[in-house]
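A, B, C and D label the chains in the order they appear, each numbered from 1.
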Amino acid sequence: MNHLSTDTFVSFVEAYANRLVEMRDVLNNLDNRIGDGDHGTNMARGFSAAVDKLKSTPPPDVAVGCQLVAMTLLGSVGGASGPLYSTVFMKLMAEWKGLTEVNRVQLQQGLQAALDGLIARGKASVGDKTMVDLWTPVVRRLAETESVWDGADLMAVVKEAVLGTKDMIAKKGRAAYLGARSQGTCDPGSLSSALFFEELFAAVLPKGAERIQWHTLAL
Amino acid sequence: MNHLSTDTFVSFVEAYANRLVEMRDVLNNLDNRIGDGDHGTNMARGFSAAVDKLKSTPPPDVAVGCQLVAMTLLGSVGGASGPLYSTVFMKLMAEWKGLTEVNRVQLQQGLQAALDGLIARGKASVGDKTMVDLWTPVVRRLAETESVWDGADLMAVVKEAVLGTKDMIAKKGRAAYLGARSQGTCDPGSLSSALFFEELFAAVLPKGAERIQWHTLAL
Amino acid sequence: MKKILNDVSQYVDDMLEGLVTAHPHLKRIPGTQVIVRTEKGDKVALVSGGGSGHEPAHAGFVGQGMLDGAVAGEVFTSPTPDQVLEAIRAVDSGKGVLLVIKNYTGDVMNFEMAAELARAEGIEVEQVIVNDDVAVEGSTYTVGRRGIAGTVFVHKIAGAAAESGQSLQEVKRIAQKVIDNVHSMGMALLPCTVPASGQPSFDIGEHEMEIGLGIHGEPGTERIPLTDADSIVSMLLDRIFAHTTAVPGDSVAVLVNGLGATPLSELYIANRSVSRILAEKGYKVLRTLIGEYMTSLEMAGFSISILKLDDELTALLDAPTTAPAW
Amino acid sequence: MKKILNDVSQYVDDMLEGLVTAHPHLKRIPGTQVIVRTEKGDKVALVSGGGSGHEPAHAGFVGQGMLDGAVAGEVFTSPTPDQVLEAIRAVDSGKGVLLVIKNYTGDVMNFEMAAELARAEGIEVEQVIVNDDVAVEGSTYTVGRRGIAGTVFVHKIAGAAAESGQSLQEVKRIAQKVIDNVHSMGMALLPCTVPASGQPSFDIGEHEMEIGLGIHGEPGTERIPLTDADSIVSMLLDRIFAHTTAVPGDSVAVLVNGLGATPLSELYIANRSVSRILAEKGYKVLRTLIGEYMTSLEMAGFSISILKLDDELTALLDAPTTAPAW
């Protein structure tokens, strides 16, 4: 993979923010069906603010960039996803302290730390129908395919993980209040996390990564 | 005409009550468009109560029957139509004191007194788009055709009077609050009064009277 | 029609039963639709009422310092004279009764008939007629302006005057002073459904609103395109400014009244516009009421009422009351 | 979407501006979405909050004898930790702050993060988590029961305890006692529309209702055919009876809470059924609250909350408060 430079990090966050704006209604709609209908609005608001922050205060290294994003999300998202995505960037910050370039091993370790942080913060297990169900298989695949990361292969894992949440009965997050009625709709947080990995892979893989056509899938 | 006996009076009120129940939705619908949507409910409630009263306390003469109806309406209709229809029967009671049979002249005088009472109570003039616009031409025609009352002729007056309210701009009653927007809908109180005369004529004219097919008309 | 109810014909009855069990200081005169205080005051008594469907009006304003009795008709139908008479008899302590009537043909006729009957029984009865709605231009040839949400200012202020021991004539004078100085105008986004009819009171498009309507689910004087809160409020206030007795520099009380289905958050958004415009014009807003005071079943929309205040009215407006809806 | 608003992104901002101009005893901490009393108490302080869209909760419960601060997030979105921290800082008088949190993942995480930050600044902070909604069966593996309308009993009673000068630990004990003894369940006829999304939160047929839902426009645990008020209430109460700590003979307080678009008349009709069933089962209803206390924008529907009372809780429930929505 290409190293994740500070500039690449900033453009990754920007691409992710744009993607969230594009997908806002899809995310809101999923959250409407099994939650309170704001996940797209929350994420788009938070990451747009993060982009503004990164532009007005260009970070000297990747870790400072992560810290700016973490603090901005914490102060602008709210809900369940605010502290969770904020935790992701705080953990990345801690792992990447002082780095202006993040290499393959560091990227993988950072994402593993982020997943551990997510679980520590939200106490969700695999199968609870939360973004942990997206992060767990993707981070595992990154570890398994340590030497060659293949965009198509990773995207397949991402896609399968999102679709895999569809039939789960939620045990954490708002969808849990629906009990068995939470079945039949993919978890919105898993989809927003899928977009996170799509944009990250597109940014760091030499051949890029083809985006998943979510609107063609039955979410 | 046939005399209006006490029995005929009671069956007239009963027929009118049934007609009001039948036409309740039509009356409500007209009142919905230019008032508050309750005229059919109000009239059906009041006259059904009047019928119950007449059945449980059979009146010794027509005047007592009128008094029972007046008092029942007063205590069960409410709204604008309650006091107005109650006034009609109070005036009839006063005109027909002690009568067990009402003849042509007495009927005509009674209805004239009722109309005068309506105007005194509601202070509406002809053209204000109220039931006065129905009563005035019908009572006038009864006076004009003193010697021979013709069912078809009277029904034509009734029909024309109701339809004539359609293009009026209301000056009294709730429809007045709509200003020019009250145009284009017939006055519900004129229609309920039309039903009153239809049933009255059916009861007293030797050949009866053919009912107007209101549902075929653009009210 | 989607409503929480049992038998449609028991709507008012069931509501009144649920109301008196919730508020122990209220009781219902058995066999009637009349709500009075459990403890009768030794003072001038106030009676109001009208059709049901305007909750918390009118029974919610019965309590020390406000009304003594409220008469509930069928939904949107003025109560009958016998019911009003029951209320008058129940509340009179010998010091006289003031009827607060909203200006509708039905209400005026039914209340006036009751007043005549009560006077025949030797009870001193006076009345005032509230006509705060500036949407309808009054004239001697027409039915005049309607009474809408501004009526609650009359209940509160005249009620406080009565509670303080003033005479029937004084209480009437003060009630009339409120009426002369309160002006209202409303708008709606969505109609309501009278339970007995089951049909929405009008059809309206997704981008339209009704302006200048009353509190009976009726359409307004105009239907126009839906616009933003600032523009709606400025439109309503312009009509009120054309009538209000208050001039810039005067003190006023504001009521932003929800019609039933409008969230309180939207009423607050409307109040932001109201307070900005009033401040800009130089009015001093001394008191603001926001919420559902006089509703039209589950209609979506609101009205604004502006009451010109002086020291007398302000003191009475501030007086304590136990009425549950104040 | 038909709403009274200006720019959708200014919804909460405009609402808070309209709220503080209406209630002079409230102020907004500049640059935040935090509402506090203008006069700070020298006592244990209470802070609550959550997403907006539940008005009058939570700012309407700020006042003497109830909350000291309320934090408003975006519509249905928990506020962020920095906002909660601002509230904690503003209300602390050195006697400590109790956070009243409704049990939602987002609320709990954001409030707890704020509590950690405040403790790091040397402020004594405690928290209680309200989970009164019996629609959702709690278990250690799941997220547990939600906090819904019963929360206002916690605000009122713990607020009165704090006002009376009790210590942080005592106020926390009393708040927890309320939480342990309050149980709620709700139903809805119609969804609501979050302004930012513009879409109704669910589709529902003319003869269907949702049972067991929260206060965020979400569907409930079941969708069943619409039935009459008596049957709906009995269904909700049966679920509450399965959880409540109150046994026949006990005294209780009842809250019949409207979700936003349900007319007060229908809430009274529901209360009639509630009071009949409770009386039949032998419960003593000492206090009844009816109205909109914790809404879900313009959702149509209601919830019932039953709080088991003892002398301590009753006295605190009756204590005076200046909070506008109580």
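Keep in mind that, in the parts below, contacts are C-beta pairs under 8 Å (C-beta built on N, C-alpha and C of every residue); 3 or more make two chains touch, one makes a residue touch a chain.
Nothing here was measured: the structure is a model prediction, and the numbers come from that model.
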{"item": "Labels of chains that are neighbours to chain A and to chain D", "value": "none"}
{"item": "Shortest chain-hopping distance from chain A out to chain C", "value": "2"}
{"item": "Of all other chains, the one whose Cα centre sits farthest from chain C", "value": "A"}
{"item": "Mean-CA-position distance for chain D and chain C (Å)", "value": "29"}
{"item": "Averaged-CA centre spacing for the pair chain D and chain B, given as whole angstrom", "value": "54"}
{"item": "Length of the line joining the C-alpha centres of chain A and chain B, rounded to whole Å", "value": "74"}
{"item": "Whole-Å gap separating chain B and chain C, where each centre is the average of the chain's CA atoms", "value": "32"}
{"item": "Chain contact graph, described as a line, ring, star, complete graph or other shape", "value": "line"}
{"item": "Listing of all chain pairs that touch each other, if any do", "value": "A-D, B-C, C-D"}
{"item": "Touch list for chain C against partner chain B, complex", "value": "51, 73-83, 104-106, 109-110, 113, 135-136, 141-143, 146, 194, 196-197, 199, 201-202, 214, 216-219, 221-222"}
{"item": "Of all residues in chain C, those that touch chain D in their complex", "value": "2-7, 11, 14-19, 21-23, 52-53, 55-56, 60, 189-190, 206, 209, 226, 228-230, 232, 256, 260-275, 285, 288-290, 292, 295, 297-298, 300, 302"}
{"item": "In the complex with chain C, residue positions of chain B that touch it", "value": "25, 28-29, 32-38, 40-42, 45, 74-84, 121-122, 171-174, 176-179, 181"}
